[in-house]
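What follows are several structures.
One chain, subunit A, appears in both complexes that follow, with subunit B as partner in the first and subunit C in the second.
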Partner chain A sequence: MKHWGFTFEKLKIASFDFTCCEGCQLQLANRESTLIDFLELLDIRNFRELSSEQFDDYDIALIEGSISRQDEVERLQAIRRQAKTLIAFGTCACFGGVNSLKNKFPLNESVAEVYPGMQVETMAVRKISDLVKVDLSIPGCPVNKEEVERLMVNLATGSQVTLPKHPVCFECKAQLNTCLFELGEICLGPITRGGCNAVCTTGKTPCLGCRGPSEEINMPAFVELVKERELSLDDLQEKIAFYNAFEGFSNHEA
Partner chain B sequence: MIYKVIAKSEFKRFTDALLRDNTSFGPRQVDTDSRGKAVYQFLPVTSSDDVAFDYTATASSAKHFFLPFREELSRFVFQDQEWDQQISYEGNPIVLIGLRACDISALNILDDVLLKGHFPSPYYLAKRKNTFVIGMDHLPLPDCFCKSMNHHTISTGFNLFCSDIGEDYYLSINSSKAFNFLKEFDTRDPIDDDNCRLVERRKIISDSFRSEVDVTALPSILDIEFDSPVWEKWGNKCLNCGTCAMVCPTCYCYSVEESFDTNLKGATRQKKLYSCNLVDFAEVAGGHNFRPKNGDRLKYRYYHQHRGFAENANQQICVGCNRCGRACLAGINPKDVINDLRMDKESCLTNISSSPDRI
Partner chain C sequence: MKRDYCLDIRHLTRVEGHANISITVKEGKLLDARWAVVETPRFFEVMVKGMSAERVPFLTSRICGICSISHALASIRALERAMKIEPPVVAETTRLLAMHGETLQSHALHLFFLVAPDFTGDGSVLPLITSHPDLVKAGLRIKELGNEISTVSAGRCTHPVSLVVGGLSKAPEKQQLLKLRTMILESKPALDTACSFFRTLKIPEFKRETEFISLCNGSRYPSIGGSIISTDGVKRDENEYLLMTNEYSRDFSTSKFTRLSRESSVAGALARFNNNYDLLHPKAKEAAASFAFQPVCHNPFMNNIAQLIECVHILEDARELIDSLLDMELQDIKTPYSPKAGSATGAVEAPRGILYHHMETSDEGKVIRADCVIPTTQNNANIGYDLSAIAEQALQEGKNDREIEKLCEMVVRSYDPCISCSVH
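Up next, the complex of A and B:
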């Protein structure tokens, strides 16, 4: 591709799934209106949802899912050795995600509940950055394809690659939504990173923080607000723990 | 200004015709909050039945009809070794019905900032000129303080303003367009009794305010209180969410983003309304943030709102609608913050000064 004196190389990219639902990867094939243009940016070397061809000469690796088995650790480390840029792709990769709920129970109890009578090799769930260096995180359950497109365009053109720093509330207000706190619910919008266009709250579903904390969140003020409105601190804890995205904040005063 | 009186039933006929034939927006109930109060927003309306004429105030202002939350400023098309910039200032004609006096005051303030400065905004102008504004008076909510800001009455900035005088509306007609529309409908010149009812209505409204903010000499008090601990105190409560600026009828600050199209054959420059309470508002290239603390960011919002900038001749731009106060989850509101600032110095007066002659 050549434009106005600049030559853009296609991104040699691979996508890998670990402990997850593969929903984030599937988003790559979503948003049909720009799908052909999007795929034009990419030289897909390895991505089992889109192509049966598999090569190992990729520069960018998208990692979807969290890590919950020893063989996943080894596979992840091998990908890290190959990739120039490793991207934690989706909430499970960035924070551990819903899978982390398992960590609240003894492992043998979880196995007995889900796979009764079977031998299952498993370990506590970890996010990608616990194991390897992560160059870029793209959070979301699932990721927002529009944002992924923008970030890939920026990678291809050498533009700045950044996530929004403001919380979900900011985008929610632009949709003229009624604040869910006003409707008596606890919503993590004020502490969660925006960029999702407030899709859940626009559908009147409280934010569960899948995109993790926004920059400089004010957790004491947020907990205070829940208390002042006499909402349930248990409900707050449950929501904050849902995606394991607020590690280090979750025990604050609540 | 021309004054007329119209029966409410005839006014309904008038609005039905107007809303049917034009893209129109008016107050509609969208929710009932957990305390049982109705929540309103300006939304599309196609007949007078859609309009909640008895509404109180909308949660968000009418600002975004003139300053969209996100707006494309220009498109760039790349061809061979050349590029082409395309700009359009289109504003489709719309009708806005039900704006309060403070909402219209807010538009007049935006006019001052965006049209009367050195660099008038053609984007804003196109929308402002193409909007037919019908104002309606109302009894203030307990926390409205527009009277303190002198924005509870209005004499300019609208096409038509309706004062509720019982069975009729007392119409203030401020444009030939409104006058010509109304020719098709049954109106009459006001008689003495109508004028009395209008004065009475205005007095009732004026006497109904429950919230007062003392804004005398506020710009200079803000200057004096630049280092006041009050900013940190309220800043500690701030969630940095930007809600206050989003719902505000006069906050016009924005950020600009340029991005390539996915096919790399073009690009877009977009303007996005932003808020000075957001953490990266004063962040510059290289990552330095001039206002890293909550209290500093909050302070500058109050400075812009209540002290003013050179663009609008250092006039306060707050109209006293208290939308920010109502929407703030942390309970930050202009009345309490400003009173706190005043108390800060007044307490120092009573502690230090022993000059009873002053009283």
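Up next, the complex of A and C:
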């Protein structure tokens, strides 16, 4: 078919959700003004939340959510066997996301608190790449539909599929926002990958790093910055831990 | 007529989250009908422990990808009440607008993407793009308007950014509000198209008496806070949510159940309509009359129509809220506060019904205990009883297996269950 001047085959795509809020999948139905054009790109083979027509002959699998139960492990492995391209879709899939906050607490105590007297199966939260090979990661809590559209067009046309390398600060400055550090707030914008159009900081809310580290971050220098400004290291820790997106970078010394 | 019938739907489609329906009939007698939620639990009530109060609404909004604004505002209301913070009027008005935006997009998603295909005999909304182009365009227009209202008032439609404890981190801009006002007026024909379409549908005839529970604040159609009322005559304060919910677990479901005066009860658009009909905008009442729709209605399929009527109400009320914001100085947006120990409940009318967050804070302003009771949890028991009743009715009417299956799916969908939300 022809679309936006390109000739290509529709993407045979499926969307699956695991431990999550389903907010990323729902972004696919947003940006309504371009939705019908966007759907032209896709041959939706399996998308339980929106369609009763389900087939197993997809090439691309979008995986939303993290993994926290054995049946999810098996379902994920079966999808990996079928999909030519497996995409970790959203922060939970890419990094574990907010669900990872559960891992700070003993599992049996969590179950006893929420389901007193009942057996409920759960395990420590893992990101998708802990279990299967991931071909592409699209971070965001939720994913940015505009970026998803761009990446899908690139996939369909065989163009290069890349995420921005710059930090959120670049996009925040471009919006002429006052830096939140100047207002006395710790913001993870300097160390977080851009591509979100700085939506949180433009709403005067500090970045919590849902898109994970940008290229070549300097965590020690960032921690120094927080100390120089005499801001709370506990607050920094709470923000860095929020999405579990800075694993391996978060061992800063207070 | 003594037939055997077994229905086993694993992971029902066109609903949010994972749940199963099973029905067993032996020699014409219904043995079992079950609604079983199998979603993986996330343990949000544990995750919030030790987190600073100001951060908690950003975490709890992630309970749900459809009603994230409701979750943020339920937490914010609980925390403000616990720490005795009065948000400024600008913030209160903007929050009401944000709730309208969320409900509008949620209802549009449900009505056009999830429900409409049942009535046109399709598996999804995709064939409707060519068979019912005007309807799909109208649905997209309403959904887009809902998202735009949320974006202007909360910074983003899914997982809001500017709704914070104490008020707002940023006020909507007047220019955006003016554009939104125009967009609302221009969206009315789309809603008329939607109403005309739904008037042509044959809503299944089914009725099972039950108890409808919603918020009530006397002067406005319910949204944020108020007392809790039921069609069985119960009325309680927001902080007495435990007495209204009586939550319990069953081993076949990771989502819990609630009960009040009967074995089951209902929350959601139909419950709000049944309890607060008088507070609907006259235009919404007019629309209800065109469906011969009156309170108290005990047909669960009419929840779809109640959602549509609420869309009419929202378009009118959102414009009035915008007008009042345009008359205000949008300067005083956040009340400064110091952390305090306390505990309180925040109840809001999420798109699918009353959402309760109960929060307890420490002197340092950390959350030390949290409890969330989700609308779908409040509907689980009723869905189960409705499945039994509708399966029995369909068997008596001699419906075939496929017809029974479809009716069962449709009755569950009419509740618009938000399953991953209910298994937070």
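Everything below uses one rule, namely that the second predicted complex is superposed on the first by the 247 of 254 C-alpha atoms of A that agree within 3 Å, B and C clash if a C-alpha of one lies under 4 Å from a C-alpha of the other, contacts with A are read in each partner's own complex, and residues count from 1 in each chain.
We adopt the following convention: contacts are C-beta pairs under 8 Å (C-beta built on N, C-alpha and C of every residue); 3 or more make two chains touch, one makes a residue touch a chain.
Everything numeric in this text was worked out from a predicted model, so none of it was measured.
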item	value
Subunit C versus subunit B on the shared subunit A, clash or fit after superposition	fit
Which superposed partner A:Q27 touches (first subunit B, second subunit C, both, neither)	second
Touched partner set for A:L136, first subunit B, second subunit C, both or neither	neither
First, second, both or neither for A:T19, with subunit B first and subunit C second	second
Subunit B versus subunit C as contact partner of A:V161, first or second or both or neither	neither
Subunit C versus subunit B, contacts on subunit A by residue	C
Spatial angle subunit C-subunit A-subunit B, Cα centroids [nearest 10 degrees]	110
Which of subunit B and subunit C A:A124 touches, first, second, both or neither	neither
Which superposed partner A:T205 touches (first subunit B, second subunit C, both, neither)	second
Distance of closest approach, subunit C and subunit B, by C-alpha atoms in Å	11
Complex contact set, residues of subunit A against subunit C	17-27, 29-30, 32-33, 35-36, 39, 44, 47-54, 68-69, 72, 97-99, 101-102, 105, 109-110, 113-120, 122, 141-142, 199-200, 202-205, 208, 235, 238-239, 242
Residues of subunit B touching subunit A in the complex	30-31, 33-34, 39, 41, 43, 59-60, 64, 69-70, 78, 81-83, 236-243, 246-247, 259-265, 273, 275, 278-280, 294, 327, 329-331
Touch list for subunit C against partner subunit A, complex	11, 13-17, 40-43, 45-47, 49, 51-52, 55, 58-59, 62-66, 68, 109, 113-114, 117, 123-126, 129, 136, 140-141, 143-144, 147, 155-159, 161-162, 164, 169-170, 249, 251, 254, 420-421
Footprint of subunit B on subunit A - complex, ascending	1, 3-5, 8, 34, 37-38, 40-41, 149-150, 153-154, 156-157, 159, 165-167, 169-170, 173-174, 176, 178-179, 181-184, 189-191, 214-218, 220-222, 224-225, 228
